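Here the structure is laid out as structure tokens; the discussion comes afterwards.
Going by the order they are written in, the chains are A, B, C, D and E; count residues from 1 in each one.
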Amino acid sequence: MIVDQAKYVDGFRRPCGDLSDELEELQNSTDGGFLWIGLKEPEAPEFDLVVAELGLHPLAVEDVRRGRQRAKIERYDDTLFVVLKTLKYVDATSDIETGELMVFLGQRFIVTVRRGDLSPLATTRHQLEEHPELLRLGPVAAFHAVVDSVVDEYRRIDQELANDLEAIEAGVFAGDNSVHSATIYALKREVLEFRRAAVPLARPLSALAAPGSPLGEGEARLLLRDVADHLAQVIDHIESFDRLLTDVLHAHLARVGVSQNEDMRKISAWVAIAAMPTMIAGIYGMNFEHMPELGWKFGYPMALGIMALVCFVLHRLFRKSGWL
Amino acid sequence: MIVDQAKYVDGFRRPCGDLSDELEELQNSTDGGFLWIGLKEPEAPEFDLVVAELGLHPLAVEDVRRGRQRAKIERYDDTLFVVLKTLKYVDATSDIETGELMVFLGQRFIVTVRRGDLSPLATTRHQLEEHPELLRLGPVAAFHAVVDSVVDEYRRIDQELANDLEAIEAGVFAGDNSVHSATIYALKREVLEFRRAAVPLARPLSALAAPGSPLGEGEARLLLRDVADHLAQVIDHIESFDRLLTDVLHAHLARVGVSQNEDMRKISAWVAIAAMPTMIAGIYGMNFEHMPELGWKFGYPMALGIMALVCFVLHRLFRKSGWL
Amino acid sequence: MIVDQAKYVDGFRRPCGDLSDELEELQNSTDGGFLWIGLKEPEAPEFDLVVAELGLHPLAVEDVRRGRQRAKIERYDDTLFVVLKTLKYVDATSDIETGELMVFLGQRFIVTVRRGDLSPLATTRHQLEEHPELLRLGPVAAFHAVVDSVVDEYRRIDQELANDLEAIEAGVFAGDNSVHSATIYALKREVLEFRRAAVPLARPLSALAAPGSPLGEGEARLLLRDVADHLAQVIDHIESFDRLLTDVLHAHLARVGVSQNEDMRKISAWVAIAAMPTMIAGIYGMNFEHMPELGWKFGYPMALGIMALVCFVLHRLFRKSGWL
Amino acid sequence: MIVDQAKYVDGFRRPCGDLSDELEELQNSTDGGFLWIGLKEPEAPEFDLVVAELGLHPLAVEDVRRGRQRAKIERYDDTLFVVLKTLKYVDATSDIETGELMVFLGQRFIVTVRRGDLSPLATTRHQLEEHPELLRLGPVAAFHAVVDSVVDEYRRIDQELANDLEAIEAGVFAGDNSVHSATIYALKREVLEFRRAAVPLARPLSALAAPGSPLGEGEARLLLRDVADHLAQVIDHIESFDRLLTDVLHAHLARVGVSQNEDMRKISAWVAIAAMPTMIAGIYGMNFEHMPELGWKFGYPMALGIMALVCFVLHRLFRKSGWL
Amino acid sequence: MIVDQAKYVDGFRRPCGDLSDELEELQNSTDGGFLWIGLKEPEAPEFDLVVAELGLHPLAVEDVRRGRQRAKIERYDDTLFVVLKTLKYVDATSDIETGELMVFLGQRFIVTVRRGDLSPLATTRHQLEEHPELLRLGPVAAFHAVVDSVVDEYRRIDQELANDLEAIEAGVFAGDNSVHSATIYALKREVLEFRRAAVPLARPLSALAAPGSPLGEGEARLLLRDVADHLAQVIDHIESFDRLLTDVLHAHLARVGVSQNEDMRKISAWVAIAAMPTMIAGIYGMNFEHMPELGWKFGYPMALGIMALVCFVLHRLFRKSGWL
């Protein structure tokens, strides 16, 4: 389905007719104009039409149709084919969901195709349309806007994961029982999902942003370097999260064992206390003929008193050792 | 044993006569034709004949005959020699079995030799024969079809392993007793087997798929880049599996300890409860002459009642602490 | 807010008029003079003025305004844009706080912008002003002074962290209960924060300090190599801290378990001792008609004596085994 | 001691006279002949003679005499000096013993020196002498034969270690008590010893086997690539062993703890069972005047029966929970 | 303080006059002579004189004066500046102490400066003076002698650490209680200190020893390659130590837990044994009127006999299970 399509001439939006006609016209002109076609659901016949009109490469088109591709930047003659993994953070479950956004970047056109519900580009397009000076840079301006919005989302998720990690840390080290090892492990899984989306993009994006880029030496390269820079920062953080989560998991697992051992110690301490009156009662339960205390008038209360005293003293001792 | 052999001229299959004669004829012609000889059991004399007719290099031939080679791509003059590790996933045992597929890729021929029962190539060949436009690219089209089918199988196994890992995770974190550390370890072993098959192929395959490839700059290079891309994705996943399995193993081992500690705590709690009536009984078993309760008519039921009450209260307390 | 601004001509400080006029004059002259503008709070309008007068690149300016950038060295035409992460160590909490210092290094000017309260540069500037021979090297001398002061602070913090680590080690291995796993983990977090500040700077700083540097082959390059060298040393130490902290955390977690087990062993040993008199009392509490001891005159004290003796012997044995 | 020395001319063995005379003659001839001198115990005076006659470099000679060198390939003008670590697997103890084999590879000679009892080369030489077509390649053929025999031994040991690892895995996960952590650790040590022998050789051997090798582009380079390939496979396996051994060690250590906890649970369960009759006996040991059961004729057998019943029921319950 | 200073001409030691005069004379002559000035305590005024006479670079001089530098090799025009970390092993405490040795290597001079008491160079110098053929190579011969003596010390320490590690391993796996986790951790710390001294030197030393070295292609380069080679071997070993120590630490921590659990099992087993006579005594302490055994003449000895028998049987059973 075609979500939006337009021609940008001299920095301003114009309606767009038949694609191949428009493209031919743009190729001959020199005013830096380009087409931007935004699609979703690439299974639909509209995509076939775009493919045919713009002459997109079959291998790239196959990747778009199949989906589940690795993040990458590939060159087909004059056209760059880019797969971006769009991420969405579901706050309730701390889950990261991965979508896909495919981009064809030609000399005079850009095609953006999104799979799944994630990452609507309408906002990105509207924001860019308010900057004619950027649009005059050609389709690479749209490409930058798209990659920038994807990486900005990475940064927001980076912040969310940092919060989740901090919550887990607080829980683990405060001895909060609401933290389970499953929670820590699940966050680790999301961090790895994040890593798989972000890391493969870093090297080719840096190559596009470095001197000698196929996009030329102009402003566009500097814009992409800005995005590559944010991506590098996100990847730094992911690495830290990964290391910290491993340590937190170990600390948590150890803490669970420690807390159980504390229970055992407490139970054992109470059993030890209860063993004392039992022992004393056993002694006065012996059947010797000559046991003077048994004849005493206050023998029984005395025995009970000794029992209580021993229990009280033991209890205080155990309290002091931190066992109770 | 020769499984199938044919000549492909102008994209269509033709029967194939004496190999060296056909080869000489193809070398002189300019219509992009090639021979595809498919073998299995390279110990048989048919392979000797192919080797002699096509002039395959003795070192590569020795590798084919011996088997148990590392995945690799080697160049012998004009011929590429490729060892692929074919994998098969046995669902019942979650075991990966490794086979071998050797390929000689010449200018006008391709020889595929498989060892063991894995990876029949008949389907691959039939599918390719329905695409004359690919066959016209020459033997590299057959090479691509073979590598693609091997890597596609990697992707299926990747998915299977992801399922197995998810099942293990669910079991471990749900406290399911059907997960044993042996299961986790066995999966780790298979992941390493997978890694040994996939990782050594990545670098040489990328080199074949990169600009400056010995296979030239045409469509063939792009086809191989598509496969290299899938391989990279599989390797990303293997890395994730490896890291996650280590964490799951630790979590599982800790959980087993935790579960045993829970049993101990439960037993100890019951012993602590039983210690109370024993203590009370001991007290009323003492032989003091002056113990008024002993003479009471309802002394005995009172004692039994106190015992029951203490047990009931302790039981509730232990329940509330989560110890029972 | 402009904190300080001056012109340096022939190694000495001069007052500075309108920026663009001064700059034009300096560009034409040949006496190696330059402007140094020091700012803080880049949100203020003064910064806009500097940007306009010196023609700073909008992307770099945006980074300055937004903050939270990764440490980096970027080139915009003739100007280097550098982001330094300034660190401050809070001794009371062993916390590292991260600030930012942005530097624009042009041919005839240097602009330093700091965000947050950390890293006042007044001292750095005053110290440099006492070395006219350095100031004659041009703005790169100021750049060196700034980077050097940042990295020198890294070295001080490196030393502080080494002290903190040693304190933790001493505590863990001396069995000191004041060390908690949260403390170790918190230090690991700070080490990772340190790493994120220091590591990304290493490669570009080394590139500036290596032969073929964009800063030329003069004295300035050697000065920066000196700083790059200190940075490398700091990074070596961070790596060691990271490895050691992991081992210390494991040792600590194990020690906590060991210490709890010691408590359990002690309690169990006491319960075992108490079980002996209870058993003996039970024996003399049996109701057999023919139990000669029961009739003995000193039967009762004898029984008590045996109990005391058994307890005493057991206690000595347990002491000797190290269980008590 | 000179073990064997011969001249190989046109692929066949000839007796060998004075070394420097033979060498001069071979240098002038063009029939690809070479000398192969095999030595052991380089302390002996024969080695001095060889060194003097062939003009071997003093630094390499010093390495040979001292021994305990790292595996390496070094170039001294026209001569390659190679240190190979020969390994021997002692099956009884699963121990790997390391020997050394030094090789000087000149244009017209090869000198092989072995230290210690490992790695006799007689078999290697005899096998090569049956292949005149290889001997005609010059001394590099002998070099290949030697390296190949060393790496083939690596492969055999690789297989042995795989067997040892499998035996350990089977023991650990079957709960076999014959596996001790010392066994696992010892195997890890041997794997590291193996790694130190194999890994440093990989890079220089690959360089000799790669296009642009100092040994030229002929058959010899392909022969060495074959060996480099096997070495790479061995190193892959060593990496896997290392990772798996770490996991097996963790699993084993955990299993030992689990097995001890099982013992504790069993003992505690029996103590809990024994506590029941003791409690009941305590109740009927109370001295209340009004305890009707005490007067019953079958009171005593009833009490014993209740005790037996309670024990029986508890035992069944504990069995069902898997505690006994 | 100047420890020793001399001129070496044509391989032999000559007294040395005013430094700058001697240097000028040597520069004009062609007999390969050089000056070797050995200093300690670089704070002293003699060092200022050397600096002035030989024109040493201020940045390098500052590094010498400050100390605590990273091991490195830096180039200042025609002079190499080298920082070596000298190590000393204190056998009693298994502690490694780090000193510093700074070297200025010019075309016609070498200056060696040592900080701290470690690493006297007198022996090194005397040994070299017995080899005029080496001294004729110029100051690089002295440089080689110094680096060689430092790295030889590394090798000795490498051997010492190997011994310490073996002692720890033997202790841990033999269950020797003299090994504490603090010992293992301390060794790990020393290994990391060793690593920090050795690893940064490897790359620049290899660069000096590789073809294209700034020291030229002569004998000197080969001499340094010999040292670089030993350094590489030491680093290999350090890596192994590091990995093994981590495993030994884990094994040790687990063993401590296991040993405590054994104590607990033993105590619990004894408590379980003691529970049996207590139970039997409880039964014969019941007050039923009809308990025939109570009237038996040998009832009491029979009861005692049963108690003894039960204890004996249990003890044997527990022995057989390995619990006692």
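Here is the rule we go by: a residue touches a chain if its C-beta (ideal position, glycine included) is under 8 Å from a C-beta of that chain, and two chains touch if they have at least 3 such contacts.
Protein identities per chain, from UniProt: A, B, C, D, E = Putative transporter.
Owing to the predicted nature of the structure, the values given are computational and were not obtained by experimental measurement.
*Asks:* If you check the contacts of chain B and chain D, which chains show up for both?
*Replies:* Of all the chains present, none is in contact with both chain B and chain D.
*Asks:* Using CA atoms for the superposition, what rotation angle relates chain B to chain C, in steps of 5 degrees?
*Replies:* To bring chain B onto chain C, one rotates by 145 degrees.
*Asks:* Just how far, in Å, is the C-alpha centre of chain D from the one of chain A?
*Replies:* 41
*Asks:* CA centre of chain C versus CA centre of chain E: separation in Å?
*Replies:* Spacing between the chain centres: roughly 26 Å.
*Asks:* Where in chain B do residues touch two or more of the other chains?
*Replies:* Residues 250, 257, 261, 264, 268, 271, 275, 278, 282, 285-287, 291 of chain B each touch two or more of the other chains.
*Asks:* Quick check of your reading of the touch definition: is the inter-chain graph here a line, ring, star, complete or other?
*Replies:* Graph shape here is a ring: one loop, exactly two partners per chain.
*Asks:* How do the chains line up around the ring if the path leaves chain B toward chain D?
*Replies:* B, D, E, C, A
*Asks:* Spell out the residues on chain A that touch chain B in their complex, using ranges where they run on.
*Replies:* The contact residues of chain A facing chain B are 57, 59, 62-63, 69-70, 72, 74, 76, 180-182, 185, 188-189, 192, 195-196, 200, 246, 249-250, 253, 256-257, 260-261, 263-264, 267-268, 270-271, 274-275, 277-278, 281-282, 284-287, 291, 293-300, 303-304, 307.
*Asks:* Spell out the part of chain D that touches chain B in their complex, as residue ranges.
*Replies:* It comes out as residues 169, 173, 222-223, 225-226, 229-230, 232-233, 236-237, 240, 243-244, 247-248, 250-251, 254-255, 257-258, 261-262, 264-265, 268-269, 271-272, 275-276, 278-279, 282-283, 285-291, 321, 323.
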